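Look at the two complexes coming up: chain A is in both, with chain B in one and chain C in the other.
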Partner chain A sequence: MKAAGLLIVILTGGLLIYATADFPPWAYPQSPASTHVSPRYIEKSIEETAVPNVVTAVLADYRGYDTMFETTVIFAAGVACFLLLRIRVEEGPEEQLFRHSLTGMTIRIKDGRKAPSDLEEFERIDAHWVPQDLIIKTVCRILIPFIQLFALYVIAFGHHSPGGGFQGGVILGASVIVLAMSHDLRSSLQRMGEKVNALLCAAGVLIYAGTGALCLAMGENFLDYGILAPLFRCDPVMARSNGIFMVEIGVGIAVMATMIRIYNNVSSAGRYDEGL
Partner chain B sequence: MTQLLSEILTKYNYWIYITLMMIGLYAMIAKNNLVKKIVGMNIFQTAIILFYVSIGSKKGGTIPIIKHDHGAASHVVHAAEYINPLPHVLMLTAIVVSVATLGVALALAIKIYHRYQSLEEDEILAQIREK
Partner chain C sequence: MIWQLDLAILTLVVVTAVGAIYIKDLLGTAILFGAYSFLMCLLWSIMGAVDVAFTEASVGAGVSTVFFVGAVFRTTRRTKD
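What follows is the complex of A and B.
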């Protein structure tokens, strides 16, 4: 198997290297990719969409369909992780452990008796609980608001600087994942529960598709934002810019919720207990 | 010889992507452990991303964000001053999709581990043949 694999790899690599002879040199300004399609986008996008960042304009307007289905792929991946792994753990006869966060004392509630509801200062832990490092917890608690603020900036400023829904969504998702890693999965689930996460995940795709359907309802093609001008009270070119922004918000929400959902499911093997 | 050397030097981006992609492909074919196969798949995806981003670059070009003044009349934009935005658009989505597919692959690996108590391919195959 190893020899056959090596042979296949060397053959494929040799063929690919042979094919590079026909490729243009690196960063060659007259290469076909730089002379045929892209000048149209670079020269026209700012006057057609009023978005200086060509990548954002192409992503959400010229190739809007493609991006919509990429978002759907991400949504489907999140649903697939959920369906593969999520199992409902019965809160059965086994004992529950609660740890007092100030003194470190642990109490044990046996035989499925109901835990008292006024356990405000206690946190639920598992039998294999290990203490988290105080420095990591504190640093993450200080940093997370700034990470989220930066993520919102990246989404909102995607028209004028590198950024947009995908990048900002991933950073937002990372901020919640950092919380789950530095504390535990339960404390991140208190901030964003499973239902909220699933709703956000679907809402992001719905915002994207809904923006497209709104254009359709107002008598234009799907995802042709120019027709939304009366809604935004601006000219059709600026309406494209605003339509791109709506779509980017949808992408950001969907990507954030999906990243968190994949992490929650994979890190706890679908049991939603303490996590890593 | 000098011709070959200059050929390599002007196209070294392709050589790097091919090397990385073949490392990923070899890991996917020859490695026995499923997690190592997943790592190989990720190296493969990264190689493709590197390839696309490298064909987008242009000598003397800057990032594809059009310089503009606030409220001023539109001026002529020269395409030669900005690098090709299309590969960046395609790879932007591909990066996030690759993370999502990595998540699904890991979920499948967890499921397989729970069922067969192993991530080694030959042990799993032996258990399947026994049944």
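What follows is the complex of A and C.
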């Protein structure tokens, strides 16, 4: 079975490598893509959409449908992860560990006993070994605002520089994941609970599709942002730029929430009590 | 495009890919996948596809490695085969 698999892989790989020989060379100016498609975007995109970054213009305007369903795919991935992994646990784990923050002593509380969670000097820790990590916690706490600021910059400046909703959303999600890893899952869930996360997940896709539907309602094609000019109080070209921005915000929110949701489900095995 | 650099990165891509298949430790596989994604990100940026490189760096090398490590943490570290 293993030999057969290897044979199939080698055959397919060999076929693929053989097929690449027919490709036009890298950056070949006479290739079909470089003669018809690319020049149109490179020459026209800035006067049609006022977006200097051609990639963003193609991604969110000319190929807006593709990106909408990409966002939907990410949303579906989050929902699938939730449906497969999430288990509803009525009571917490059988035993809970608490650390006395002044002496560093750990106490173990079996099920049914009263937990000292109301006392200030006890902090709940995960069941597997958790070292004292003051440096990691402090560094992450200082770093997270800058990560989030950078993520917002990436989303907002997708028009001018590399970046956009997907990358910015992932970085925003990563900032919350860093919080969950450096502290624990409970403190990240305090800041973004499961319901808020689910709402944001759907809201991102809704913003994208809603922008498209708004164009439809105002009498243009789906995702044709030019018609939104009266709403933005600007000319149709600038309205397309703003429409792209709205869509990117939707993508960013959806991707951020989905990344956090997948992390929460995977790292706690769907129990949402103790993470990585 | 400097062909020496290109060749070196491509070699490393193949090495990490084969290593990720053959290594027994799943945590090591997760780390190798992260390295693979990062090398692909370098390749994209050499080819001038900066947006794709950015996505590869954030999604491939960043978040998906965390997901893999999380999955390994919750399941088992050794493979059967």
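Everything that follows uses one rule, which is that the second predicted complex is superposed on the first by the 237 of 276 C-alpha atoms of A that agree within 3 Å, B and C clash if a C-alpha of one lies under 4 Å from a C-alpha of the other, contacts with A are read in each partner's own complex, and residues count from 1 in each chain.
Quick note on the criterion: a contact is a pair of C-beta atoms (placed from the backbone, for glycine too) under 8 Å apart; a residue touches a chain by one contact, two chains touch by 3 or more.
This structure is a prediction, so every number in the text was calculated from the model and none was measured.
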Which of chain B and chain C A:Trp26 touches, first, second, both or neither: both
Contacts of A:Leu84 with chain B and chain C, given as first, second, both or neither: first
Touching partner for A:Leu149 - first (chain B), second (chain C), both, neither: neither
Partner chain in contact with A:Ser45 - chain B first, chain C second, else both or neither: first
Most chain A residues touched (candidates chain B, chain C): B
Chain B versus chain C as contact partner of A:Met105, first or second or both or neither: neither
Which of chain B and chain C A:Val266 touches, first, second, both or neither: both
Partner chain(s) touched by A:Ala213 [first = chain B, second = chain C, both, neither]: neither
Touching partner for A:Ala174 - first (chain B), second (chain C), both, neither: second
First (chain B), second (chain C), both or neither touched by A:Pro162: both
Residues on chain A lying within both footprints (that of chain B and that of chain C): 26, 53, 55, 59, 162, 164, 166-167, 170, 259, 262-263, 266, 269
Residue ranges of chain A touching chain C (in the complex, touch as defined): 26, 53, 55-56, 59, 154, 162-164, 166-167, 170-171, 173-174, 177, 181, 259, 262-263, 266-269, 275-276
Partner chain A, residues of chain B touching it in the complex: 7, 10-15, 18-19, 21-22, 25-26, 29-30, 54-61, 63-68, 74, 76-80, 82-89, 92-93, 95-97, 99-101, 103-104, 106-108, 110-111, 114
Residue ranges of chain A touching chain B (in the complex, touch as defined): 1-2, 4-6, 8-10, 12-13, 16-17, 20-21, 23, 25-29, 31, 33-34, 37-39, 41-43, 45-47, 52-55, 58-59, 63, 66-67, 70, 73-74, 77-78, 80-81, 84-85, 160-162, 164, 166-167, 169-170, 255, 258-259, 262-263, 265-266, 269-270
Chain A-touching residues of chain C, taken from the complex the two chains share: 1, 47, 50-51, 53-55, 58-59, 62-63, 66-67, 69-71, 73-74
